[in-house]
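Beneath this line is the structure, given in structure tokens, with notes to follow.
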Amino acid sequence: MERCFESDPFAGDQLAVVRGGRPVFAGLSFSVVPGAALRLAGPNGSGKSSLIRVMAGLLRPTSGVLRWGEEPVHQDPDGHARRLAFLGHADGLKPTLSAGENTAFQLRMRGMDRSTRTEAMQRAFATLNITSLLDLPAGWLSSGQKRRAALAAVLASDAALWLLDEPTVGLDTASVTALEGAIANHLASGGMVVAATHTALDLGARVTDLDPATFARRTATLSELGSGWGVS
Amino acid sequence: MHRFANPTRFLRLANAVLPWLGGLTAILFGVGLYQALVISPADYQQGETVRIMYVHVPAAWAALAGYASLAIASFTFLVWRHPLADLAARAASPIGAGFTAIALVTGALWGQPMWGTWWVWDARLTSVLILFFLYLGHMALVNAFDDSDRGGRAGAVLALVGVVNLPIIKFSVDWWNTLHQPASVLRMGGPKIAGEMMTPLMMMAGAYFALFGVLMILRIRSLLAARRLRQLRLAVQEI
Amino acid sequence: MGRFWAIMSRDLTLARRQGADLAMTVSFFVVVVVLFPLGLGPTPGQLAEIAPAVLWVTALLAAMLSFDRLFQQDSEDGGLDQLALSGLPLSVVALAKALAHWLTTGLPMIVLAPVLAITLNLDGDAYWALILGFILGTPIVSLFGTVGAALVVGARRAGVLVALIVLPLTIPVLIFGTLAIDAAANGLSIRVHLLMLAAILAAAIPLAPMAAGAALRQALE
């Protein structure tokens, strides 16, 4: 992976999210610089997934801004989408397509041409030790194999920012080590990684921990709640 | 930011307006019905049955106005995300559906003496029936999600799709009707409305629209209370 | 443009490999049309009279069965997130999906409708009106259905719901589609009815994907 990203730092300023009438977090700020990682920890329901979805631009924050360098992300959402690779809870694989076809589709949607696509994909599958699964329908794979196939699309992408929501779910120790190697590589070439995880996942030396739960807004008084619209 | 704007102002205004609007509704209905049912003359062709017009026609107007307010509220909600617009849209569709149902039932009651049958595929009645379906779809969609915020947003998009389609549907139904309907059938609303019929009709229209306003305020108030209740319960559970 | 074709060709591949789904919609169309002569009796004149309505209404119902899958699967398996992050506007994603849907359900119905019309003793002059009406009308149904499918992503009983909200919107298609066939059977001009369908299609091609894109954006949040 002899790439070198010359990217700006990615930061969020005073972010707040309200879901289902409940404030998930408020006043949350973070910053990631090239070559560094951010680990989102915290209990279930603390807002890790919401925060990652906000970072990806899938969820609009109730207030606050995301910045790429100096530029607010919401001014160019499509440009932001091209800079990042996102792995959510679900693997996003179609069971009737082969693992390779699934990954190839995602890379094609990123606008990568055929030769770059094939090369990047083979390298990513080799890194995660799933080269043998390339031609198998994704529906036949075990959950750990599916997770690795989904990770392969992130590894093969040309994105500077990786957003990983519980990337290690279902992975065995060897696969976790392989993933850690890929992350280290990505960081070494100037990329950025944000990962929400419960488990021990080595994100390199320049890692910051962030627990959205510490930004949970419990400050609303009963009278504030009783006089609002019931949504914020 | 409007998102955090205080709804207390809305409630204060609504509570101030409500008694006056309620009183106006009662007076308009009282006077309008008296004029429509007692004072106004019987039609030389339709006889006493013409009096059904005074409850039918304004109901159909209110049904249309209901969809217009639903669409305006939905547009406001999608563009400015104002929570009041969301509540107004949720409030408008059952009320509008209610007026549509009144228009359909009174239309059938009027049709029986005029055409000798409860239902005729008249262009107007058919259009009102389709409007009723659009309301039903909106209400079903709004309530189909576990996350009620999602239901409100989906409903808002549907209301706008519906309002773009409504003229096309109306046009096609009129077209279909002129091609299929034999000319001998008496058209509803066909007879000229005489001057002395106009006053009670307008009175009744005013009464229906005032009632619409009263019901909107009541429903928005109760939806607001339900939301606050949800939020309070969530807050209590977190403590 | 490459990404548009990528989505469409992937959906076509998926439809081909999950062939049973596609076959079910088309079989439904055939089975329901065949029920009518059985319920009504085999009198040719009577069948010919109801043939336009039977073919169009059944085509609409068959299409409704196929819409709940359009985005639901993508939403459940996380594919919708990836599509939203492809940098392609969601309205264009919706247009690609609608086109794939039309190719897999609208097109087979266009081919089958005249065959079924034979069993209903449709008037010989009316076949062109039927075929042209289906060619113009089925894409409209696919486009409207895409909007409905995007609206019901994540809803309970999405299949019934999509029919409830989309069917009223397709009434103009039903009216002009059947009127064209009636006109042709009576030796009248079909031009104006087909022009109406063409006008609705021309309006739906830009507007429906816009609405579907807005609905998908709401569904992601």
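Should a chain be cited, it is by its letter among A, B and C, assigned in written order, with residues numbered from 1 in that chain.
Everything below uses one rule, namely that contacts are C-beta pairs under 8 Å (C-beta built on N, C-alpha and C of every residue); 3 or more make two chains touch, one makes a residue touch a chain.
These figures come from a predicted structure and were not determined experimentally.
Peer 1: With respect to inter-chain C-beta contacts, which pair, A-B or B-C, contains the greater number?
Peer 2: B-C
Peer 1: Find me the chain with the mean Cα position closest to the mean of all the protein Cα atoms on display.
Peer 2: Chain C is the most central one.
Peer 1: Taking each chain's centre as the mean of its CA atoms, which one is farthest from the centre of subunit A?
Peer 2: Between subunit A and every other chain, the largest centroid distance is to B.
Peer 1: Please compute the C-alpha centroid of subunit A, do the same for subunit C, then give the distance between them in whole Å.
Peer 2: 37
Peer 1: Based only on mean CA positions, could you tell me how far subunit A sits from subunit B in angstrom?
Peer 2: Computed value for the inter-centroid distance: 47 Å.
Peer 1: Can you give the whole-Å distance between the Cα centres of subunit B and subunit C?
Peer 2: Taking the mean C-alpha position of each chain, the two centres sit 31 Å apart.
Peer 1: Multi-chain contacts in subunit C: which residues touch at least two other chains?
Peer 2: 221
Peer 1: Can you list every residue of subunit B that touches 2 or more other chains, as numbers and ranges?
Peer 2: 147 - these are the residues of subunit B that touch more than one other chain.
Peer 1: How about subunit A: which of its residues touch subunit C in the complex?
Peer 2: 56-60, 78-79, 81-82, 84, 86, 88-94, 96-97, 101, 105-106, 108-111
Peer 1: Within the complex, which stretch of subunit A touches subunit B?
Peer 2: Per the touch definition, subunit A meets subunit B at residues 20-22, 62-63, 218, 220, 222, 225-232.
Peer 1: Going by the contact rule at the top, pick out the subunit C residues touching subunit A in the complex.
Peer 2: 2-3, 6-7, 10, 13-14, 17-18, 76-79, 81-89, 220-221
Peer 1: Applying the document's contact rule, which stretches of subunit B touch subunit A when the two form their complex?
Peer 2: 1, 3-4, 6-8, 83-84, 86-87, 147-149, 224, 226-228, 230-232, 234-235, 238-239
Peer 1: Which of the residues in subunit C end up touching subunit B in this complex?
Peer 2: Interface residues on the subunit C side: 147, 151-152, 154-158, 161, 164-165, 167-169, 171-172, 175-176, 179, 196, 200, 207, 211, 214-215, 218-219, 221.
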